[in-house]
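Next up, some structures in structure tokens.
Two complexes come next, and they have one chain in common, chain A, joined by chain B in the first and chain C in the second.
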Partner chain A sequence: MRIFWLLFSYEWRHFRAAKGLVLLCALLLLTGLYGIYYGTTEMERQRQHLTTLPELSRRNVEELKVKFPGPADAGDIGYYHTTYAVHHPDAWAALSLGQRDINPYYVKLRLLGLQNQLYATDNTNPMKVLSGNFDLAFVLVYLFPLLIIALSFNLLSSEREEGILTLLLAQPVSPGVVVGAKLAFRLAVVLGLAWLLSVVGMLWAQVPLDGRVLTWLGLSTLYCLFWFGVALVITALQRTSAFNAVALLGVWLLLVVLVPSLLNLGVAAAHPVPQGIELTIKQREEIHAGWDRPKTQTMNRFFALYPQWRDTATIRERFVWRWYYAFQHLGDLAVAKQAAAYANGLQQRYDLVEKLNLLSPAINAQSSLNALAGTDLPTHLKFQRSATAYHDALRAFYYPFLFRKVEFTHADYAREPTHTFTSQPELSTALRGLGKLLLSVGVVFAAGLLLLRARPINPR
Partner chain B sequence: MNYILEARDLRKEYPNKLALQGLNLQIEPGEVFCLLGQNGAGKSTTINLFLGFIAPTSGAAFVNGMEVAANPLKIKEHLAYIPENVMLYPHLTGLENLALFSSLAGFKYKEAELLDYLHHAGLPAEAVRRRVGTYSKGMRQKVGIAIAVAKHAKVLLLDEPTSGLDPKASNEFSQLLTQLSAEGTAVLMATHDIFRAKEVGTRVGIMREGELVDVRPTAALNAQELEQLYLTYMHN
Partner chain C sequence: MHSIAQKEFVSTLRDKRFLVLSVLVLALLLAATLVGRASYQTLQQERQLAQQTVNDQFRHQPARHPHRVAHYGSFAFRPRSGLSLLDSGVDSFTGTSVFLEAHQQNSVNFSQAQQSGSLIRFGEMTVAFVLQMLVPLLIIFLCFGAFTQERETGTLKLLLSQGVSLRQVAWGKIWGYSRAVALVVAPALALAAALLFGTEEFISGTDLVGRLVLFVLSYAVYFFLFIVGAVVVSAVQASSRAALVTLLGLWILGCIILPKATANLGATLYPAVTKAQMDADVHEEAQHGINGHDPQDQRSAALKAGLLKKYGVDSEEKLPVSVGGIVMSESEAYSAKVYQQHFADLNATYKRQNRLSDWVGLLNPYQAIRPLSMGLAGSDFAHYVHFQQAAEAYRYALVQRLNALQTSMGYGDKERKLDAHTWQQLPLFTYQAPPLGWALPRLLLPVVALLLWAVGLSWLGLRLISNSRLA
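Presenting the complex of A and B:
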């Protein structure tokens, strides 16, 4: 151990002398801080936005009270009244934004057909979406491996190329201890940075201090260890620094860019999902056709679903709200299969990626961090189901007014259901990811150690 | 007889080359054995096999009675090595490099002692606290000598150690070897320098194409005879 710590302490001196590496670490620290700033700012923006929604709802009610000063037809209220299904972020979302930038974090709802409202989102700059989120998870998953590569590509090769290794290994020093001390020092630098950024991020985002703190640290530690394991394998091949750099960057490109892209293509081919636009068009066509269809036909289809309203008066008027909402409702039912197929397809794609992400620890780490932060696809799908249930509750609230011809009074606004949904972490996914990362780390380190054993280090 | 260095039928074969064929060699404590031969004759291969840097294809190398392959770390406690071109950590000073390598060898010296080793190796006093990156090859060689001497090893393995040294420093190095030899240190030195071999060696061995073709005590030959012998083997 004495030799190990001696080499470890001299690694610090070598590191200090390599100004470029010190600068790179400083740069990554700043980048990580920016990632935390970006994530917390984005979450703050979303939270601010969400806090304005109840006020918007309240103003809308005030306007309706002016527009309909006395008891009103609930159909009018349902048509004009806007309410919101809101998806509150977990505090961890600031560290791993996941899909919160591409999926809507609130849905503006009226009593109309649900499906086109469910997928109506604010316009987003596609270039911004293309570049992805610059949050802490991005820095850890995509940029930290590059730092590890910069620190480790010449782990032994530089000393071999400079001729120092012959004198070093002429001492009673095990080559394994030399490699171990060098790796351990670099690991300390990288983990020090990763943990520092993580702790700063957690404090900045004010996350609750629960088991997720350890899970996050465990995920980032194992992910960094994986890349050090890759560096060990390449080092064990005992090639030149140039070869090592190209090989490590190749592995980075493969695991961080190519495998995820290929996986994306493969998964999309394996589980095709209906296009959202098809669903929207079909629903709109169904709803528009509702205007021309005989009212009895529409109402009979509706009563088949809601027999409790079958005894209500036959519609003879040119327009009544209950008929209008009935064909809106039937519009949703017409695309129910597609909507379910769309959600199931997304879930199946996600599940398949979860099974295959052992191929790319980068995907595994990213999805695990997203799961931990409650910003992954399953959480979004849960929110959609919650919004759907909320819309059902709105229908259940308004239909008695419509079908029993009860007037809607100002007091009824307060009885209208409201919605809230807060992300919950997908802890099982995160823990599964932790296990897979552990396996990946075991595989690369075993491969590296076996290679080192099979090919003793040649100092020349 | 206890040999400090011994090679038994030591053979090293590469896919396209036979680097060393059946070397048998015994070196006693206090002996200075000089290996002469052209480039590629097998001198450095012999030293690398004793250092355990490469594994023999067959046969065995022994240091202080221990087989190198079986005791790769233990044997290095008894060996000091000076390569043809001593390379050190360029951002550390000569003093710091000596401190590092001495510590790795298990010696914890005070600064005054380290300075003494560097002084005796011939490194100018003004250079000891300068970064090695600013050193000439000869100055690095002197730090390498200081590292080897400070290790107090039973065996010195030298691969063209005076390469890059000026004549005065080479001469001082020869004196140092003579002194270490008198103290019981065995030396195995690969060299092209016939006259240096004659000057410091107790025996010389001539290598050709991986084979030790002749071994003579230096006392039995003068420098010219040794040169003639060497050239004869080389031309044959």
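Presenting the complex of A and C:
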């Protein structure tokens, strides 16, 4: 054990003397800090945008109050009044932005049919979303493995190439201890950096102190350990530094770049999603057919679903709002099956990736961090369901006005339901990810140790 | 020099590692080409079918009031450009269809990225991806030992003692490696070209040929400068290991870190407005004009009064035109104008955000080839905006035609409908992607950046080599 610490402390001196490596660590620290800065500012901006929405609704109400100074027909208000379903980020989202820049974080709603409002997107710069987010999760998942590779590609090979290894192993030191001490030192440096950045990120993002702190640390630790395991396997092959560098980078390329992009293709092919556009086209047909169908037919279909309004007056007018909103809603119902199939299709794609991400710890780590922060697809689908429920609540609020012919007064604006939704973490996904990472770590370390045992270290 | 080139070429081909790597890259390239084509065909067919469906639906509407038709509206689907099967650019991150209706400009919805989890953010397997990121890696593995190995084995001295200059050795090596790289890349590009021109859907002709030729040329320059760069690094570094580590470090910086960092920094520096805010602003400003759905609006009243005066009558009933139609038409013109200003502002903001990355292209060839490649493939941001503008122009023209129809119906138009055959005479949405001549001026910066790199490296780098005391 004493020898282990001796070697460990020599590694430290070595490391301090190697300007390049210290610089590399400093650079990674800076990129990590930039990642935290970027993530928190981006989430701050989304939050700030979300706070402007009630203000937009308020301006809209002011305008309507001028437009309809007295008691108004609720149908007019439902048509002109816009409100928003909002998706607030969790504090953790700042550390792992996931798909929050791609999926809209608010939906503008009117009392009209829901399905042609639900999929509207926000303004996005496609070049920027193509390039992706430089958040802390990116630094951990993409760049930390590269640091680990840079620190350990010449773990033994440089000593061998410089002829030191012969001298070292001539001492009463077992090769296992040498490799162990070297790895342990690098592990300490890398984990120190990862933990430091994580803690800084958590403080900066002001995350609540709960089990997720440990889950995040556990995920980043295991992910780093996995890459050290890979380095151990490559070291155990005992080839030249150049070979090691190429091999390690090859593994990185395979797991971080190639497997994800190939898996993406495979999943898209295995689960073709029914195009969302089909359902919006069909909904439009249904709604506009509503204008041309006999009113009693439309109303009877509606009353079958909402018998509580059946006893309302028979429609004789050319146009009346309750009929208009009835066929808007029937349009939504006509595509309910397609809407569910669309959402299910997306969820199935996600689930399939979840199953297959054992193939690449990088995908696993990324999706676990996103799940922890509640920034991936399932959370967005939950938000869409929540927005749908909000639209239902809006209809429930307006229907009594429309069907009982109650006048809509200025005081009623304040009674209209409002919506809020905050991302919930997908904890079970994150914990499953933790388990799978543990498995990957076990596999690489077992392979590395077996290799080392099978082929004792050759000093030359 | 030729014999050096020949030697490098032959020994490269004999190198098992290179063989394995290049077979891998070639396989990926071919796979990416085939996958790109398959996905191109599926998406294209889906969109054509959907466009056909909505067109048929539009033409087969029953007798309706024209303003009903304006709200029934239509959809515009973005057809994919021919070369997007090689470089899908931002296509996966932009919407595919937009609903076109009266009074408002809707967002382009249903992007590929929204239909996938965060997996898509790892990058997509396209030909461009292999060419931009993986082939440079192959080049690095191929060339890092160009000089260091000769020096380590002592063969460089032998070579120089035969009266060959260092510069000649360098050029010989560059030429040899270039041939080896061409051997890997050419089959895939030939397959792509065969796929592009071998099938009937791409008979579109010279524009596509021009784009493909420039596409291939740009990548040739890109690979060339990587080869020269790698040879130069190999010459100035002390050992093979140092050369390799330097080159890999540069690759990571240029292909992984910088593109993301600059794109993010650009977005942080120039914040863009949200769609909700923009719509509210457009609405508010349009209110200063006339609101088509608002009979209480004073401006509509003034317009009506003007009409009565113009036709010399005292009531709306006696007018030969529908006041509703005229008010609607004026209102649409006004709000469309306001929207155009805001849309231009938004795109100017996005351009400023992207400009940072474009300028970094002068420092980082990857950020020069990326916009150039997707620009030539017709899958960049500018082409997307072109589609959005075409869709908006069609929407505006369609709505205004319908407003004119309503106007011509005269007083009491709301009680009446127009015949079903009216809708068959309205134009349908057809989209013509812009020609190469439109795209090229927008790609000047990346072209200049790539050429500067190629010339600069060949000149300065080679001078560096011949001035260094290598042997």
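Heads up, the rule we're going with is that the second predicted complex is superposed on the first by the 460 of 460 C-alpha atoms of A that agree within 3 Å, B and C clash if a C-alpha of one lies under 4 Å from a C-alpha of the other, contacts with A are read in each partner's own complex, and residues count from 1 in each chain.
We take it that a residue touches a chain if its C-beta (ideal position, glycine included) is under 8 Å from a C-beta of that chain, and two chains touch if they have at least 3 such contacts.
Note that the structure is predicted; figures quoted are calculated from it, not measured.
Partners chain B and chain C fit side by side in the overlay (superposition on chain A). In the superposed model, more residues of chain A are touched by C than by the other of chain B and chain C.
Of note, the Cα-centre angle with chain A at its vertex and chain B and chain C at its ends comes out at 90 degrees, rounded to the nearest 10. Of the two partner chains, chain B is the only one that A:14 touches; chain C does not reach it. Contacts of A:84 after superposition on the shared chain: chain C is touched, whereas chain B is not.
Judged by the touch definition given at the top, the superposed model places A:163 against chain B, while chain C stays out of reach.
Of the two partner chains placed by superposition, only chain C is touched by A:133; chain B is not.
Legend: residue contacts after superposition of the two complexes on their common chain; A:456 is shown touching chain B, with no touch to chain C. Of the two partner chains, chain B is the only one that A:172 touches; chain C does not reach it. This overlay, made by fitting chain A, leaves chain B and chain C with a least C-alpha separation of 14 Å. Those residues of chain C lying in contact with chain A across their complex are 28, 35, 39, 46, 50, 53-54, 57, 62, 64, 68, 71-73, 75, 77, 89-90, 92-97, 99, 106-111, 113-125, 129, 133-134, 137, 141, 144-145, 240-241, 244-245, 248-249, 252, 256-257, 259-264, 266-268, 271-280, 284, 287, 294, 296, 346, 350, 353-354, 357, 380-381, 384, 415.
Remark: chain B residues 48, 51, 53-55, 72-74, 76-77, 79-81, 83, 85-92, 96, 100-101, 103-106, 144, 147, 151, 157 touch chain A in the complex.
Residues 31, 34, 38, 41-42, 45, 49, 52-53, 56, 59-60, 63, 67, 84, 98-99, 102-103, 106, 108, 116, 119-134, 138, 142-143, 146, 150, 154, 158, 161, 241-242, 245-246, 249, 253, 256-258, 260-265, 267-268, 273, 275-278, 280-281, 284-285, 288, 291-292, 318, 346, 349-350, 353, 362-363, 366-367, 370, 375-377 of chain A touch chain C in their complex.
On chain A, the positions that touch chain B within their shared complex are 3, 6-7, 10, 13-14, 17, 162-164, 166-174, 456, 458-460.
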